[in-house]
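Here the chain labels run A, B and C in written order, and each chain numbers its own residues starting at 1.
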Amino acid sequence: MNWNILLQQIVNGISLGGVYALMAVGFGLIFNVLKFSNFSHGGVVTLTAYIGFFLSKYLVANFMVTFLVTAAAGGMAAVVIERLVFRPIRRKGYPISMLIVNSITVAMLVQQFFAVTLGSDYYTYPNFIKETALHLGNLTVSKIYLLMLGISAVVLGALTYVIQKTKIGIAIRAASSDISTPSLMGVNVDFVISVAFFFSGVLGGITGYLLGMTFTVDPFIGSMILKGIIASIIGGMGSILGGVIAGLLLGAAESLLIAEIGAALTPMVIYGSIILLLLVRPQGIAGKITEVKA
Amino acid sequence: MFYLKVLEITSLYTILVLGVYLMTGLTGLFSLGQGGFVSIGAYTAAIAYLRFGVPFPLALALAVIMGALLGFLVGIPTLRLRRDYFLLVTFGLGEMVRAGLLYLAQLTGGALGMAGMPKKVGLPLILASIVVITFITYSLKRSRFGRDCIAIRDDELAASMMGINVYAHKMKVFIISSAITAYGGALYAFNILFIEPNLFNWLESAKLIIITFVGGLNSIAGVIAASAIYYSFGEFFRFIDVWRDVLLAVVVVLVIIFRPGGLFQGLTLLPSKLKRKGR
Amino acid sequence: MEILKVEGISKRFGGVVAVESFSMLQQENQISGIIGPNGAGKTTVFNLITGAASVDHGRILFMDREITRLPPHRRTDLGIARTFQNIRLFGNLTVLDNMKVAHDMKVRYTLWEEMLRLPRVRRQEREIDDKARHFLSYLGLESYVGQKPQNLSYGIQRRLELARTLMTEPRILLLDEPAAGLNPHEVRALMDTIRKIQEENSLTIVIVEHHMELIMNICSLVHVLDFGKKIAEGKPEAIKKNEQVLQAYLGEEV
């Protein structure tokens, strides 16, 4: 058993896991506040992957700038989506299934739009970093992976701070328990929801950028959201910390599995485990079971 | 000749939509993995016929049985899950089927797919199938089965308080839906004559759900109409075929917001005058 | 006979004790009431009896049969019916269908017969149809047959919920705040309706309520809950004067 290779796999996996964690949290944020699975998050990821590409290729080659603009674009896209697609449904009091259907539709729209307009070409981000690998002892760590991990950590740390300490963060948490509490705090509920979507979209934008940087950009890049959703489920839909841990675990596990049993069987093992987990502990690692009010 | 083809393809997909209608439209079970059942049905029939020399009618029957059996097995652990989790788990299962088909390349031809099926399925069989399936769906919807489906969709807790065994009922729905879907897949294999693992991914499964919503959750005729329009549209307007999905997406979003009963919500299979009293 | 025996049931939700060691004996054909301040655990008791929630400790016996671990739909089949605090009618079904759903567990045709729409199915459907219409007119609701619940007034919806329970062929009715949201005139009509239903159908009824006039007028036995525990039990007149009960309600609008 070559420990070095094993460790190498884990390290690689963890950096990707950081991105999964970002997706898990972005997804989980909306799930907490509006209580539905927002598949349009995948659409935001795809959209921002393309935006990031075009920005860095044709406008500005500076990493920091393109990164921040892309993140902001993600935030705005999410807010627009909320306004156009979800708010009317909420206003009219339709059942949650309608929200789910519309979110799937938006994801489909984004994917097909890019498939139609830009589909056949491959797009790769320009290389920002000169030397691609860093050597730590016996391990070779790709600088890009390190960057991803670093960014993920910083962003999630910042988000945690905002959620815990700022007024709007508290309002979001309050809305998660009961959607009407922000109004008791003197804060407009629609505003809180828009902010939650903005945060979620920023996370999505960062995800899109990082994924686009690591892999090639194509219309299906948003399907990676599935990994984020899985991480969200494992970690317990409600919990940020759970999502982070689960994301990292998933990344590491996936990396190990692919190395050991190949890319074909890995999905089966992962999905199989999820199903088992859900049967045994439906609330995930850190989530809570909510009973239906009679 | 061209119109015949269009009718065939449209009808094939409509069978799939009807399968999803029972699950999603009536009962509120969202599955992004129905593509897996299409593939299972298609491959079961194709493999049975080509590799094991099973006569065609039996191959079709095997596909249906496989679909039902798989529905049962998948349903056991998943039907107790809440709606979001069920959606995601079925998504994963669809992917698992895809991965499995790719992996078992000796049996299935792997990524190259399978061909060589003779064209055993023509328009008469397809149309007859639609008529039968529509009849069954309609009969179920009118009586206890349908009522209980809608009750479960509206309020599971209240439904169980009315004496409905929610889990058992969902299982019946899922098995029937899966059987219909697998049947559609088998027909597809022997009509289009080429199948491959990526044929029916989550996107296609999503479209089935979306079309159900556009057509109207409480209207079988509406769902058939929406399906017919969508799938024939693509054939007639090949040059903007690619934009078809974007257009569909926009239409769906608008329909859900402004006409949530579905585009064709008032459409009924039988005009009210022909119906018995009490409806 | 003692149709319902609840023996020391308890339930926690997370860290909160909702109900603790609650017991009651319910006689057949009797109307009892459960009262208590908001949050005292009254609805939880109903949830535990009907199976919407499972007990942590204790036993429940219905007609001398242990039902503690039985799933909700089986308990309904045995004859336990309930209405809800927040009306839970099926919005996408007509009034008539709402009624029929409640009888579906008693239906005697199979799935295959149903798919083929055999004469047996059609005949039983006609019978269910007649039965549903019968109970609708029993409570004066026959004119709403084809409507959807959201188009009905609140008072009518409440009556429909009541009518629906009768379709389950119940032995015992659990009514959860049936008077909530009704004006005084409607409350009085409700009291008459409850009495009528009880007498003409030989039913046993347990009511959770805040509305004291209703409780005092039609219940022969009253249980009082506070913070999940029973603090008193007795005839309405005695409860009215009970020190502890009055204390529990101090500061509460009655």
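One rule holds in what follows: a contact is a pair of C-beta atoms (placed from the backbone, for glycine too) under 8 Å apart; a residue touches a chain by one contact, two chains touch by 3 or more.
In this text, all values refer to a predicted model and were calculated from it rather than measured experimentally.
> If I average the Cα coordinates per chain and compare with the overall Cα mean, which chain comes out closest?
Most central by this criterion: B.
> If every chain is reduced to the average of its C-alpha atoms, which one ends up farthest from chain B?
Relative to chain B, the chain with the farthest C-alpha centre is C.
> Could you give the separation in Å between the centres of chain B and chain C, each centre being the mean of its C-alpha atoms?
39
> When the C-alpha atoms of chain A and chain B are each averaged to a single point, how far apart are the two points in Å?
30
> Roughly how many whole angstrom separate the Cα centroids of chain A and chain C?
Here the centre of chain C sits 45 Å away from the centre of chain A.
> So which stretches of chain B touch two or more other chains?
In chain B, the residues touching two or more other chains are 157.
> Could you pull out the residues of chain A that touch at least 2 other chains?
As it turns out, chain A has residues touching two or more other chains at 292, 294.
> Which positions in chain C are in touch with at least two other chains?
52, 84
> Where on chain A does chain B make contact in their complex?
Those residues of chain A that touch chain B are 31, 36-37, 84-85, 88-89, 92, 94, 96-98, 100-102, 104-109, 111-113, 115-116, 223, 226, 229-230, 233, 237, 264-265, 267-268, 271-272, 274-275, 278-279, 282, 292, 294.
> Using the touch rule from the top, collect the residues of chain B that touch chain C in their complex.
Touch list, chain B to chain C: 136, 139-140, 142-145, 147-148, 150-151, 153-155, 157-166, 172, 217-218, 278.
> Touching residues of chain B toward chain A in the complex: what are they?
28, 30, 32, 77-78, 81-85, 87-89, 91-93, 95-96, 99-100, 102-103, 157, 202-203, 206-207, 209-210, 213, 242-243, 245-246, 248-250, 252-253, 256-257, 260
> Write out the stretch or stretches of chain C touching chain B in their complex.
50-52, 71-73, 76-77, 81-82, 84, 88-93, 96-97, 100-102, 104-107, 109, 111, 114-117, 121, 125-126, 129, 133, 164, 168
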